[in-house]
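Across the two complexes that follow, chain A remains constant while its partner is chain B and subsequently chain C.
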Partner chain A sequence: MDTRKEKFPYGIPGHNLSEIEREIPIEEPPVWPINDKLKIIGKRVTRIDALDKVIGKAKYTSDIKLPGMLYAKFLRSNVPHAVITSIDISKAKSLTGVHAIHLIENTQKEGEENKNGKYPIVKYVGQPLGGIAAESLEIAKDAIALIKVNYEKKSFVIDIDTAMEIGAPIVFDEPITQQQDGGDVGETHDGSKGKGNVRGPSTSSFFGGPRGDLVKGFEEADVVVERTYRTQVHTHMPLETHGVVVDWNSDVMMVYASTQNTNAVRNEMASIFNLPKSKVRVFCDFMGGGFGAKHSSGSFGPMAANLAKKTGRPIWLMLDRQEEHLSEGNRPNSIQYLKIGAKKNGTLTGIQQRSHGTAGVALGAGVGRIAQILYTCPNFATEQYDVLTNAGPGAAWRAPGNVQGAFGLEQAIDELAEKLNMDPLTYRDKIDKSEVRKVERRRGAKLFDWSRRQPAGSGKGVVKKGLGVGQSTWPRFVTLDSSVEVKIHNDGGVEIRSSVQDIGTGTKTILAQVVAEELGLEVKDITVNIGDTFFPVGPGSGGSVVTGSITPPARNATYEAKKALLKLVAKKWETDSSELFIENGQIGSKKDASLKMPFKGATKLMRTSQISKIASRSDDYGGFQQPWGLAYGDLGSVQFAEVSVNTDTGFVKVDKIVAVHSCGRPLNIGQLESQINGGVIQGVSYALYENRVMDNGTGHMMNANVDQYKVPFSMEIPEIETLVVEEYSALSSTDAYGIGEPANIATAAAIANAVYNAIGVRLYEIPITPASILKALGKVS
Partner chain B sequence: MEHTKPNKISICKFLRARNPYGMMEGGDDPWLLLDDANTTCWCITSAGAMGPDNGLVSPMHCTKGRSCFVSQDADVL
Partner chain C sequence: MNKFSWYEAKSVEDALQQVNSTVSEQLYKHTDKASIFKSGGVDVFDWVKEGLLKPQKIINIRNIPGLDKIDYDRKKGMSIGSNVTLAEIASNPEIKTNYLALHQAVNHAATPQLRNMSTLGGNIAQRNRCWYFRSGDHDCFRKEGDRCFARHSETGENENHAIIDNGSCVSVHASSISTALMAFNASVVILNSEGEKKKVAMDDFFVTAAKDIAMENILQAKEIITEIILPAPSKNTKSAYIKQVARESYDWSLGDVAVVLEVSGNATCRSASIVLGAAAPVPYRSMEAQQALENKTINSENALAAAEAAMTIARPLAKNGYKVPLFVATIKQAILEIS
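Up next is the complex of A and B:
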């Protein structure tokens, strides 16, 4: 076998750091030491694109301006459930400046009678029905207002509780029938719930299915907590809305996209328009945020392309904020029943979970797997149901399901600790087997000064202080289909290319760091060209996979390119290239200290204009074969929250969050802190503010804006302190992983636990509002 | 953690699905069914969670026999 053995750092510095021997493929680069001994990796390196962003030089998709470009606007439904009988576009068509109208129609296969009608059935307010391309956005909007859609209205249901009732209006004409439509079907818990709009239950996952015997588990329990928790619908609010600019000329369909996944958009557009993938180019240089809902070309991609096809001109189609709220995804709500049993000594004996959630007309409203894997418990079962409603579709949202699940689980664990007369942190030390979270609890408690915590509701005065904790786990995924090309040019320039996109988290910078560290150069010496599907395929930015997927091939390709360059120098110096190294921009020799050559000088030895090396993500070290391109590990986090609750007004202020996280080998402390800050702020917003409000009588969202859809402003953002725990697992050439999802999972739970500690009354529903606080305190009915 | 790969199911080439673990394109490899409760699905021809036949889009539904089904091997829309 073409392998070699090497010893890798293993464990947590300052806690249990040791070494582990791995047998790795012969072509892999030598092991990196821990970060303390590296020059660029793990340091607080400034983003390479920071200046461009600050001075406005960075061009986002909505900034794209092309010669002859037209502006497009969607026609959307304004009723929640209807059959469209006709659409009159005559007035819009004749408006000056309108170039094309494209209506979404049901496709009819050759020889088949189209039983589905000419137009799709409307199932929610905001559903796209068509689009207009015009010389300006204003004209396009005016033209949309001139279109007359005639509806044959149908009964509808918006509210999740109503949708579950027998006799509720049916969202899809064919009611859900349990056994046929229920995914990985388990047993229904309640005969009245498994029909109509209710689909499921889902009982198993990547982590397996039910385990043990719940009945026995609860019989063994001395203490039981049994509660129902509710979370709200949380819509996507990235600063940059969804959208594209499509320039479809005779050779290539060029798509400028605000996307988390250039590769997926390319593949979708190629499939939809029956083009070879090589004829579709997706480009995303700068991206204004995405939290799970930007992995697709959506409806806007095909609409822009159809309008480009009809007009022969580039089409700009960016959604406005209202459209973003209505149709571009949301974190589904949840109603979670949770029953947890434990022995007197705290040992968990049983966890039972049952959830219902609605992702509107779509699926995926489960509550994740955190209850299944965070704590050791021999007896576990979950049943997770989707409830279909006439509302906009859900989408992946930063740790899909797990944020909802953590809100319930981490409150229940706190309640259990209280029943057992144990400190919540001490109790987690007992039932949580994760070594990294143990370190996180210890270090976080010290920074946060957990010892200040007083018994629940014991504070004096109107404003009561409370401290709480919540934890999370996130699987360590990687995508094997992650590749880069590294080029060393003969003018001394170094370039890295990949289709992977930087959604604002700093992927460009960490790639530059990895290449610079390996080549003994500075970050400024590296040019990063990514976000272009004409480059080697990169992973989508979701599931916190990017860092763990793309940095090992980046290092490996750089290592190969370095070896090729050093061979040229070795030939000139008449020595062995294995004796050579690059440090501080100079090539040197381990044998002869007098031998020196600048990196740029070495590139002059090249007989061709460049050295080019491509590498893809390989399997994890240590023989960990990954099913379906996945790896598995535990990215732990512990977050501490301090709140002040005004018991007269019900106002809750989150004063401070201490967020302690692990992500393998940290690559850039500043960027990690930034991403954790973002996750925490979203968590605060989820716990206290954001909430989609629907009018059950009309099916309209009542706060589809940035005014009444409340997000925190600067004074509502707490002091945030982060701690990143280095943890080496010796699984790849960089041993680094992402932080996107973990940063967001535990915050709402920690805040809810802190609110309970403050007022002594537990709230089982978010958002926690002044009204809900006053109600919990019995001050309003 | 189970490592058992599910049986092959031919899923419409126009189905896309995303769960916490990643994305799936239609075809023969339905590993995303492992976490059905956290998987969002969409049809790229109808550009949404409803198929061209107005029905629900899901890996369990978007299979041979559905009127709008298109096999992985088909090369035309």
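Up next is the complex of A and C:
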């Protein structure tokens, strides 16, 4: 491979910015300077689709209306554990307006008797059993109510503590495996180990397994913190529910999906219906939120396609809010035992972690890698167990595992700091080797005015103020299978295409920025056509991978297209294309200032209608930590929380959050702030409000709505100040990464530490409610 | 939601001719030919959308002329028509001046959007928010079932539920405005299809679960609320209202308190009206707190004593013990806001 050497900016401006020489593939574009010297990158560029979203012109999946379309509704179980003996659809079938009924049945191998029965065993309330397509949603709902399912009920278990007891009803009596979806991002789970409801343990991650000697580590410790933390089940609550519109009237199956991963949905549908990938086309133009739960075609994709096949008509199948809560994912709960030892000088000597969590009928309740990697400690071991229960399946949820893990770890570190008589920030300076988090701590402490923090519980009066801090790390994941096509049309138009979808964070806008910066044009000059699997495959919107995976090929493809265009101009000017550049929409020459041609004029020199270049994500300059795309560095953050706790009523109000983050080269400050705000708000909600309430007697979720499932509204949202620290690592042609997951990791831990600082009593469980505060203060008998 | 016919009532008499049932009757025992009232529609349509209420006919009483007036007379007091919206009450200056606790209660009810839709009559007649009562999969006492799921000592999810009078149904009444109305000794004026009008004190308007499990108030099928009347305050009347909620933006009460006191010059409480919301299945007048405060100086010590007296009869369930200290703090604070 031909390479060349170039000097790249390296480090953190205002702290340690320097240069580093990298050997890069010859075809890659020249280095970008730091953002200060760029025109569009790193600026507050308004979302290119902001107006369409605000005026309602943006079409989301549920807005798709096709000629002849039918509406579908799921039949779902209303018991938590049962064998289905029969399903009577006769009444539903004869209802006027009903076109098709599709029941989910066990697949039967030819010549074999179906030992599992005709229908899958019901394992939770809300499990999909079948679906109906009708002329209206109302008719479909009425028809569902006419179906009679006969159950042979089995004993069930809902809460994690009971499920772990000997003699508890067994949810699965066999080893289970679970296909990882793109949202898992390396979350550990192992359903083949263990028996009964407790599966695992997972003891390693891609950062390795246990290290050192814990016994020795704790022997060396002068101070030990040993605690058990508990977190709740948290559902995703995207404003747009899961769902699809499937049109299968032509040779190609068209799937309009509310998805974080058009490519995964395409691949799943092709596999399920035994179609070549070229015969499935998945679209996602606008996304109403996913938070990790929308990486798959779920059961709604195949259901809609089956109904489309049966009726020969397009099928609209969007879930309602209750279905969304019951069956479309949640952040598993956790019971985390943590033991951390340190020497008098603060040096960590041992971290031991053991966790249990339930993802209902699914796996994936680990608590992430944060205890393994955030701080330097020679001796470490973790055991992470999945506990199966008769409840809806968990799914990846914005930084899977790590949000739970941070809640435990960052409180334990806080407690350790206090035992060591050290300020929590000073202590982290000692044990955290990350340079960027050091800068984040300093800049954040100044913005937040950390120096006003008082000893825990020292405030006077009924309402006590508290300040706390929490940190996070998140790996820089890169999806190598990320490609874009850049087209320069002969009318001067520029287009970028990829199957990558904009989950709502502004992917379309950053792509336009990258292309515009490279071409010396304006953002408005670029057309972004993404979210369509007929275009080159892009990454799924999970793991904060999108920016780091798709912007380098976007820039590289643009650079290739630019070179091709400049060659045509060079030919006309009888000069060398390497001397030409594009700035402010004009092509110029470094050697002869009199040579000028508008970009649009240059495109008229093209022999064909377009110049088209496809580029894919190349390896990081200097390689990866792991060859599959684990980049060097991390996406660290430090968040500060200020709370007020009413010690008479137990109410906690988060007054302020200062969130200091890094994501390599920031591409669009406004969009990053917006994403951090979202992560913080969800973190506040996780700490204080949201909680799936299950009735253990009947197996039903009692608050499967937006009334009693408490997401925060305007008055619950604190003042949020964000600070994005630029950090250059010279790893790709954009050197940019995402920020989705890290924005959500540290908030709950920072709030819990602030609550402790306010009242002098530590809460080991979230959500923190008036009931838990009053109990902690000894006011409830 | 089932299909139903719609009737636009032109007068109260017209409406009373059309109606044949109530939401409560229908929730307890469904019939096929129910004609029910709807005013703001906020609560009624919640039930219809959940499929728990399937009326054949909905009679819209929202546009009946004459039920949307607010009248204040210094001697007679305040009359609020049953179709007056919460938003209109919230912005009425005479209510703010003379019935501060009511003003505060209305301003803390629901959201601005819902206050624009909700009417006072509908608000006091709405059904409770117990999640078992509102679930189609749980046939509880109030839906002709054989148990109270919330009350179950091991599996009941009862953190929002009653700590007083929780012997059968443990739900709490959803109208936090009623807490304030009862503290002001308001009355409900009810007209029936025979043309008879009766004036019922708020204390008698609500029906305890022990008395009739199907009902939360005395309204019968052929009756309609026309107005709510509040007696005129004296120059010594002072009031305060506090509602505790998980979310300030919008939430159901975890515990709310309305205090209306007659205060003499030296900050002595001459008479006290203290009502607790979200404590019992209906708004609960705390005789214990009232007696403890009467003829006492309003100060921190006496306020606390009254608050604690109110809670002597509390019998919390497995998950709502926190409501006791919450009420103690809230009652005390409400009393002290008056001093």
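Simple rule for what comes next: the second predicted complex is superposed on the first by the 750 of 781 C-alpha atoms of A that agree within 3 Å, B and C clash if a C-alpha of one lies under 4 Å from a C-alpha of the other, contacts with A are read in each partner's own complex, and residues count from 1 in each chain.
Operating definition for what follows: contacts are C-beta pairs under 8 Å (C-beta built on N, C-alpha and C of every residue); 3 or more make two chains touch, one makes a residue touch a chain.
Everything quoted here is computed from the prediction, not taken from an experiment.
Partners chain B and chain C, once the complexes are superposed on chain A, both fit on it without clashing. Shared-chain residue A:Gly542: touches chain B; no touch with chain C.
Chain A has more of its residues touched by B than by the other of chain B and chain C. By the touch criterion stated above, A:Thr507 is placed in contact with neither chain B nor chain C. Once the two complexes are overlaid on the shared chain, A:Phe172 sits against chain B while remaining clear of chain C.
In the superposition on chain A, A:Ala264 makes contact with chain B only, not with chain C.
In the superposition on chain A, contact of A:Thr649 is made with chain C only, not with chain B. Legend: residue contacts after superposition of the two complexes on their common chain; A:Pro393 is shown touching chain B, with no touch to chain C.
Taking all C-alpha atoms of chain B against all those of chain C in the superposed arrangement, the shortest distance found is 24 Å.
Taken together, the chain A residues at the contact with chain C in this complex read 78, 125, 138, 145, 646, 648-651, 689, 693-698, 700, 702-703, 707-708, 710, 712-716, 769-771, 774-775, 779-781.
The touching residues of chain B, counted against chain A in their complex, run 1-3, 5, 13-14, 16, 18-23, 25, 29, 31, 33-42, 44-50, 52-58, 60-61, 67-68, 75-77. Interface of chain A with chain B (complex): residues 104, 106-107, 109, 112, 116, 120-121, 123, 127-128, 172-174, 176, 181-184, 200-202, 204-209, 261, 264, 267-268, 271-274, 292, 295-299, 301-303, 329, 355, 359-369, 384-386, 388, 393-396, 399-402, 475, 477, 479, 540, 542-543, 545, 627-630, 632, 741.
On the chain C side of its complex with chain A, the touching residues are 1, 51, 129, 131-132, 135, 137-138, 149, 152, 154-157, 159, 244, 246-251, 254, 319-322, 324-326, 328-330, 332-333.
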